[in-house]
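There are two complexes below, and they share chain A, which is joined by chain B in the first and by chain C in the second.
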Partner chain A sequence: MPRQPSPDFSTSVKLKYVKLGYQYLVNHFLTLLLIPMIATTALELFRRGPEEISTLYDSIEFDVLHITFSVFVIIFVLIVYFMSRPRPVYLVDYACFKPSPSCRVPFATFMEHTSMICEDPKSVQFQTRILERSGLGEETCLPPANHYIPPNPTMEAARAEAQLVIFSAIDDLIKKTGLQPKHIDILVVNCSLFSPTPSLSAMIVNKYKLRSNIKSFNLSGMGCSAGLLSIDLARDLLQVHPGSNALVISTEIITPNFYKGNRRDMLLPNCLFRMGAAAVLLSNRRRDASRAKYRLLHLVRTHKGADDRAYRCVYQEEDSDGHCGISLSKDLMAIAGDALKSNITTIGPLVLPMSEQLLFFFTLVGRKLIKPNLRPYIPDFKQAFEHFCIHAGGRAVIDELQKSLQLSAEHVEASRMTLHRFGNTSSSSLWYELNYIESKGRMRRGNRVWQIGFGSGFKCNSAVWKCLRTVKTPVDGPWEECADRYPVDIPEIVKL
Partner chain B sequence: MTVSVQMKRIRVTGKSTVAAAVPVQPGKTHEFTALDHAMSRHTVHLVIYYRQAPTLTLPKLKESLSDVLSYYPAMTGRLVKNEGDGCGEWIVKCNDAGMRMVDARIDVTLDEFLASASDDEEKQLAYLEDVESDPYLWSPFCIQFTQFKDGSMAVGISCTHMHADPTTVGVFAKAWSDCHRRALITGPPFFHQWAFCPRKNPVPSSPHLSVKSTSSPPLPSPAMSSATFIFSASSVTQCLADMSLPDISPFDVLASLLWLRISSYKNGDLGPAQLNVALDCRRRMAAPLPSGFYGNALHFFGVKADLASGWGHVASELSRHMTGLEEDDVWSSVEWLHERRKEKAFQMYGPELTCLAWDNVPLYNTEFDAGVAPVHVTCRIGNVQGEGLVVVMAGPPGEGEHARTVMVTLPTDLTAKICHDEVILKYKPKIMFGSNI
Partner chain C sequence: MEVLATLTVLFLLYSLYLLYKSYILKRSTNCYLVDYVCFKPSSDREITTRKCGEIMERNKTLGLAEYKFLLKVLVGSGIGERTYGPRNIIEGREESPTLDDAIQEMDEFLDVTVHDLFVKTNISPSDVDVLVVNISTFCPAPSLASRIVHRYNMRKDVKTYNLSSMGCSATLVAIDVVQNIFKSGKKTIAVVVTSESISPNWYSGNDRSMMLGNCLFRCGGSVMLLTNDPAMRSQSKMRLKCLVRTHIGANDDAFNSAVQKEDDMGRVGVHLSKSLPKSAVHAFSQNLKRLMPKVLPYREMALLVYRIVKQKVVQRNTKLNTLVAQIDFKSGVDHFCLHTGGTAVIDAVGRALRLSEYDVEPARMTLHRWGNTSASSIWYVLGYMEAKKRLKRNDRVLMISFGSGFKCNSCLWEVCRDLGDGDVWEDCIKDYPPQILVNP
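Coming up: the complex of A and B.
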């Protein structure tokens, strides 16, 4: 028995070094190729000697026409190259809404209210079970209207919540970046479940007195992945408009969406959704490059709505009693996994190092031609990214992704801790997670971040950011006071 | 105005729960002392009235309430039976469930209300939830915010007497106001359930309480109603002058006056009688309890006097008993209660006439706005049966040091008679919240 581990250990160590060697070889192939070229050139130069080199130099005829033509060709190629490059999109800074502790909903309060509002004891029991296993903590917050017994979802209360979360986030962003509201060129707001007239973007234009020629957009109904959709829209607009900046607001308004019925598949949002908002400032101005935090490298959107099952997976409808709610189907995890596979198939070639891509390619060829039973190679995304922000949709989502992408506990820590501290804040959760990583002092210059969002439709969207400057702690934001207390150990089941 | 129209003036607009700002450490509990258990039949309702102010808005008050509740985990907990080494007694499981909050509106201004409200209406300003099915879902504390038409606010704090006595509720309100002004909390809560544990050599004996435990209120209990008398400093000085006895406190003179007048309507001819007096004994112990002591610290004792001998005699008897209270008596009483704590609690306020000496507790320093004292403070005790209750509290600010507010809760017809009693009216008290104003 004691002898057995050592051959395994030495084999695994050998394998590890082999793998490292392979990765280094493939990823730095061109650099490695340069070394023999330099060596050969240097040898040649030494062999020829200085007098021969000077005679060679004198023998070249410098014709004015030749020189002018070469210079023009070089300039032309450079211009074409710079013009055809997409405009870089910089993330100058972002701010997340920090809820006041008086909006806190401890487990005991939630269960008490549920018992008082729900007539069906089975629903109460079901919600208790969900809450116990949810991975949420005792500090998540609901808007003031949802603290009432029963909740009071008036339009006024929903607008009040929208104003509270959005204006708070924008005020923080203005303080951080010195942004002048009159200088905002593009405004994109996404809020899936609350869409009043005039829109939330109009509400922002009114409050901050934005310019009359602002390009404002309000995206509603697009689910929890809408945060990255808004970034995509802003990016496309920034390609068309030079020297502009864009303010992107991601939020979800909880007030109008309390489900009053008893259908189990519709009770989950009541238990998991919490208040949150994020305001992000994007820019394509060159002068912002020096003060920006991140640069957007890639953004990949995958829509599985063509498949009926995926389309009906997250569906808002009325139950048999006429109560409106959002039903989550049982195969949500499977569909999410499918959507993720599609997404990483597209993003893989863009971000993975050549070593992983080759391995994947060879395994694919092997599976198709030689041996169909060969296990598909899951590329190691840990080599492409230093940080991962997985949408904190629920504990199951994070567990599933951790398993399928083979991530360690530290990689998913940001997602788990955000779920614990803030709950599922829908489209803004990715920004809370990013803020967590910054608050723990882990974000360094050159680090790449992968944000993955899932949402109704069924959509899976990914964004890849590169950090442009090391973020120093302490970081202003929602994690300011509690980052020291995290990470916490989240039990599998909390006894209520 | 008929009663039914008056009742409709107050509209409850919503019920919610306020959670503390800081989560409670899991596993915390708060146990009750013998004194707490003894008071379990009663409830406390404190209503504080404030004029309109920019800092006195509902969202700001909720936020400061949330902040101050972080210091009072026992208030946001729920009652459970102690299955452990206890004997199935109630304890508070500090599960962070929060305090119930009720929002209400009233369509008159504060001044109109204070001038015209009846006792029934005033009762509606301090809501306490009924235990419906599961005590674990029932909030023992409740705050009611009633907004008047002119923006003034009435803050009603209610709780079961088992959790806290009127002084504790008053100290909590003061701490809340300190928190609201972002000032240092002057009387931070002191949770010390061993404060009233029996001494090493207990001498359990309380003849007064033994008698009370065996007596029962008259059946059927008559309907009770209340009225408030505000005696200005000059009135009280006048009373003291009429008394012309040395070392008599305003409490003695007013309590004895009311005792005499109430008894005269009841019996007709006066004779030896006993008054059940409740006194806050936090500061009376040799090792005084901190002002922030959380829980019950009321000592009940009997004062015997011959009412036929006149006001002076009654007042001096009362004074003698009040000043001569021995700490041993308090301890004996506590030990007696500790011995019988497994038995059912009995009526403490009643059945005989009870008087709560509460004028040593400052009430009008609960300033939510710096320098702005409350306009009025009411203290009611719930489930007072039998002959009634007289509460003597500190007077409103600006009326002078000797001013006192006296609230009487008596059988309805007796309250009406007392409101029109010439002897009392001689001292020109301002009468509020009477039953037929």
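Coming up: the complex of A and C.
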């Protein structure tokens, strides 16, 4: 995306004020229209004089029947109107898995393990270089099975990891919300790369003794954006079942997915993916509205699978030695940017204020009709949202999005710090980022949050939440002990 | 005064408009099954009982006792001579399946069936709004749902869901997802893809509880097109009346009745415990309890209530089992699509519902012709009924399936018009039912 040339200081200040004035005018158009109307009515009243007004008032005949009928009609219309609106979906609360320090993988440990497991020294060197530039910190965690040399990825170990991360997140959520497991109506679980029989959703039903008429769903293989897909499914169900709540679990199980080969494009996930899970409680009950933290405003899904390059960019396959791994193509950034653009064209009109939409519309018209090489106008999303949660897929993804959306360092701080402290926890990363924003005391009532997730397929999903009550610090969660140490300065390259 | 009158009229008109809108929305909440296509693999993938025996023989870890046990299971399974297996197992590579084998198996299924479905229903892939895929034991990245989107160039706003590891009853879970999306009233076209991946799931050890899957599961799959658009009612085959899901995973025995795990030698297989039949019965009875009021006609329900009252009050007897056994399900249901989990399952369900041989014939014949194709089996059973021209307008069809977890899901369909499309049964329907079902 072309950068705007920086004009000289005084002109830029003038431009800024012109822009502010324009935004204020367009966004508050209707309110501003009211002022002349009120002025004219007031003037008219003063002109007529009080006696004339009282005679006017007395001359109106109030037919009782007519009045009652009108009142009933108004009440009837209001009832029908409110009943036909879609049910609101509230996020009551959520909890993220807090890994224990014994699962930590500092750089030294990772490099030591890699050099002992990998036969090819070039692969070890490559992984070292990746780790240096990854933006990860020293406190990210891998599951116990990956601490063995060589790693011990049995089904037993994978189940143990699933039980550890999922149950601990659900237990935290139960403590926070006072949720009774017997009251859960809908359960959606998403875990991309591990789907045992019986499913993880059945495992949760068994552990917490959920009801037999529960609607459970287990999504798999849908990548790092699957968290928002699960929220979408839960939302569809909540529209149809009044007075229900839904428990959504997003996780990624690392144990069975360690790549043992030497292909570079498949070694990347080993370096970036870390343990994590999130449990989210959604509800459409009116009584939860007062204690809910957020309300879901919009959820937009974009699937670029029809395009060959996009489909192949995150692809699970076997290398020439038969080792299974996930290859990430070099086009990943470009495809992510493209998918985001598609997503924005749908979500833009739903969230942007009128001023931005008009500007975008006029530049589009200008480009099509008048001057084809007019610079495309990138809408300013900072006007629509106060907080951004960008999937912590890797440093490059965050950099790319910061550039495309013209965000400041503070806007992407949550994503960068989550990547540093927890690594790429796949679909649950968005919830760790949200927790960071809350832990820093930045979440106020009325703030809007934009969560963007990317995943294999290639999908780009985004969700818009509105904060319903100011979140007071300290916040229970994985950032509780370390929020004070953040933000940290993450160097471009960490020398290992 | 005129102002008030005009305002009232305006409000009234607006409320009438809102009512009309909600009526239109309500009308579009029905779930219609427009058509479905079952998969018939190519004839070079046919496995006879003898071939099965040969494949079993290849497993060097089996002792004579185990081999005999397996042969006994095969012969008494009710599975015929023309079922289908995956290529890698037929070609002798069952012990080391590759990712490519599994993907090839899926591609062979998806390329043919999904294409046939679009041709049959005259819908273009870009019209599809929702895609739900359930293939239990195989979930690559990108998902199989994405694979279909890619293969058929679907729109970028298509809603995809890839359900996994939900067992043999997952097809009804997929239908549940679709019917919930339909209830929003917006005109939607949905495609549901159901199958099972056999290639990567061959058990190569000698634990008896894990070997049954090898004998019974076969390749198969089906694809369905559903919609809530009332305009497509005339070309639809059936309409969904109700769907009941029961999950008894809270019970430890039920949860552990079918578990995928490693045996003592570290080989992965699905362990079927001895409590499986009991769990199935328990799940089934729970499901029936909720299904009965929705399926049985009022007369039958009234009779049941009368009998319960009589037994409890007059005879002071609180055992209700005999009462349930006296219920005549055939008063509310005309046809039964039972999951072909095995002869034992079909017999047990048939006994519980007091079904005749005629009623369980479609399930038995499906088991014979196609084996246990897991979640898609009920669609083959439906295909049999259609090929035999049993499905007439306003008939009611009950589908029941069981799955690991332990789940029992059931749904009731109402037939929209007389059906007679043979589909995959076309070439062999005249041979059914055969005189003998026992294998050589």
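Assume the second predicted complex is superposed on the first by the 484 of 496 C-alpha atoms of A that agree within 3 Å, B and C clash if a C-alpha of one lies under 4 Å from a C-alpha of the other, contacts with A are read in each partner's own complex, and residues count from 1 in each chain.
In this text, contacts are C-beta pairs under 8 Å (C-beta built on N, C-alpha and C of every residue); 3 or more make two chains touch, one makes a residue touch a chain.
The model shown is predicted, which means the values in this text are computed figures rather than measured ones.
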| item | value |
| --- | --- |
| Contacts of A:H147 with chain B and chain C, given as first, second, both or neither | first |
| Partner chain in contact with A:S115 - chain B first, chain C second, else both or neither | first |
| Chain A: partner with more touched residues, chain B or chain C | C |
| Partner chain in contact with A:V314 - chain B first, chain C second, else both or neither | second |
| Set of chain A residues, in rising order, touched by both chain B and chain C | none |
| Touch list for chain A against partner chain B, complex | 100-102, 104-109, 112-113, 115-116, 138-139, 144, 147-149, 152 |
| Residue ranges of chain B in contact with chain A within the complex | 14-23, 59, 62-63, 65-67, 78, 95-98, 134, 137 |
| Contacting residues of chain C [partner chain A, same complex] | 1, 4-5, 7-8, 11-12, 14-15, 18-19, 21-22, 98-100, 136-137, 139-147, 149-150, 153-167, 173, 176-177, 180-181, 183-184, 245-250, 252, 255, 258-262, 266, 268, 270, 286, 290, 404-407 |
| Partner chain C, residues of chain A touching it in the complex | 60-61, 63, 66-67, 69-70, 73-74, 76-77, 80-81, 83-84, 86, 154-156, 192-193, 195-203, 205-206, 209-223, 229, 232-233, 236-237, 239-240, 301-306, 308, 311, 314-318, 322, 324, 326, 342, 346, 456-459 |
